[in-house]
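Here chain A shows up in two complexes: once beside chain B, once beside chain C.
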Partner chain A sequence: MFIAITVAILITMGLALARALLGPTVYDRIAAANMFGTKTVLLIAVFAFMSSRTDLLDIALVYALINFIGVIAVLKLVERGDLYSGISAEQTKTKAKR
Partner chain B sequence: MVFDLLSWFCLIAGGLTGIIGAVGIHRFPDFYSRTHAVGVTDTLSATLILLGLAFQAGLSLASFKLGLVFILLFLSSPTASHALVKAAVHGGLKPLLESDISEKKS
Partner chain C sequence: MIDIIINLALLSFLAISAIAIVRMKNLFAIIMLFGIFSFLSASVFMVMDAVDVAFTEAAVGAGISTVLMIATLALTKVQDEKRPGGHKPWLPLTVVIVTAAALVYGTLDIPAFGDANAPSQKHVAPQYLQRSIPETGIPNVVTSVLASYRGFDTLGEVFVVFTAGIAVLILIGGVAQPSKRKTSRKKKNA
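Entry: the complex of A and B
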């Protein structure tokens, strides 16, 4: 029965990946990647129970953390154009005008 | 036995919700409505699947870890959706209005 759930999660991941490849805007791609990451966490959790090695749940925990931080980092990169400074690109432009 | 039934019900419902969300991400016309499909079904399917697995584990370290994963996903997934939509609005993406659809048809 765990195999059925695994297949359902894999179908979901495949469809999310298709949207990430097709997506017209960059935000569609990020949303699909976010969905893909969440489903990966669930897949690892189901796999841990399927193989009765519940230690794997630690990996799911770490993956959930990394997924969230990754999405926020990519969003900041798309929104501001850089990651390294506290000042956004627009603010730099207005400062240069002054 | 009762816990087994509850567990399988939750797991199957979670899998179905996930697939519905994945179909929604393809069927909806623009980004903001797609975010609705992703944000809602992601949280619900994660909750249901983790709850089903916790029913399988019973009271143990595994279900405690599942609870931690659940808390993390439950806090981070809506936050990520919100940040995504905010970034899209900030980036100047316009939502698809009813007038745009009728113009396309005519």
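Entry: the complex of A and C
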């Protein structure tokens, strides 16, 4: 049972990795990285129950949070072109032109 | 059995993503692959029962360094530029291969994974395991070593990390003047 789930998760991880490698657009890669993080969380959860070390579940929760924050930061960059630093890429270009 | 399958799959994913990171030219894709790489290595650490290392790897590798790399990418170009002039790959390749061969030769003497009779398990580890709970009262032995026995060491590390964080924030422009930030936002809204 656990073995089948683990193999399935590993195959899904491989597919997500392939999408991150090939993915033509930026959004393909973001979705692939996010999905890979989710699969890591699932793999840790399954591994925790399989090896009866259920304290690893806390680690899985932390991974989920980290994955979420990372994806939010990436999406902010894609949406605005900067991370609210006050100096965006467009502004530096206009400054260079002046 | 299943541990071997998991290890094989994770390590081959690691190798694939590492080669892809080296070969790719799109910096955004490389950052995404860096995130995947550190999630993979955190999983490998976790399968090897090094939970605290896996924790640090996920927090620093997948979390903070992805955000820092993305913030740096916001100030640079997305594509890697072609280097002018021919550079010969043979010298670095030879150095890398020789170093790797020396490291692989070094692994031959290492005791087996999880060996209870390894020198690192015999040196001070039994004393920590026996005395940490009566001396410090902290249930997790790793935490007691980090926060109590090596407390000053950890304090120094915190200073180093804090200073490095300030330096990185200054470099990537995270500490902009608040008045400028407001005006730029107003301009964008208008």
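Details
FYI, the second predicted complex is superposed on the first by the 84 of 98 C-alpha atoms of A that agree within 3 Å, B and C clash if a C-alpha of one lies under 4 Å from a C-alpha of the other, contacts with A are read in each partner's own complex, and residues count from 1 in each chain.
Basically, a residue touches a chain if its C-beta (ideal position, glycine included) is under 8 Å from a C-beta of that chain, and two chains touch if they have at least 3 such contacts.
Note that the coordinates shown come from a computational prediction; the quantities given were computed from them, not determined experimentally.
After superposition on chain A, the partners chain B and chain C are seen to fit next to each other with no clash.
Touch criterion met: A:Ala64 reaches chain B, while chain C stays clear of it. Applying the stated contact rule after C-alpha superposition, one finds that A:Thr40 touches chain C and leaves chain B untouched. In the superposed pair of complexes, A:Phe49 makes contact with chain B only, with no contact to chain C.
After overlaying the two complexes on the shared chain, residue contacts for A:Leu10 are found with chain C alone; chain B is out of touch. When the shared chain is aligned, chain C comes close enough to touch A:Leu77, but chain B does not. When the two structures are aligned on the shared chain, A:Ile30 is found in touch with chain B and with chain C. Contacts of A:Met1 after superposition: chain B is touched, whereas chain C is not reached. Once both structures are fitted on chain A, no C-alpha atom of chain B lies closer than 14 Å to one of chain C.
Touching of chain A by both chain B and chain C, each in its own complex, is seen for residues 14, 16, 30, 32, 67. Taken together, the chain B residues at the contact with chain A in this complex read 8, 11-12, 14-16, 18-19, 21-23, 25-26, 31, 34-35, 38, 42, 45-46, 49-50, 53, 56-57, 60-62, 65-66, 68-69, 72-73, 76-77, 79-81, 83-84, 87-88, 90-91, 93. In the complex of the two chains, the chain A residues touching chain C come out as 2-3, 6-7, 10, 13-14, 16-17, 20-21, 23, 26, 29-30, 32-33, 36-37, 40, 43-44, 47, 50, 55-56, 59, 62-63, 66-67, 69-70, 73-74, 77, 81-89, 91-92. Remark: chain C residues 2, 5-6, 9-10, 13, 16-17, 20, 28-29, 31-33, 35-36, 39-40, 42-43, 46-47, 51, 54-55, 58-59, 62-63, 66-67, 70-71, 73-75, 172-174, 176-177, 180-181, 184 touch chain A in the complex.
Contacts from chain A toward chain B in the complex involve residues 1, 4-5, 8-9, 11-12, 14-16, 18-19, 25, 27-28, 30-32, 34-35, 38-39, 41-42, 45-46, 48-49, 54, 57-58, 60-61, 64-65, 67-68, 71-72, 75, 78-79.
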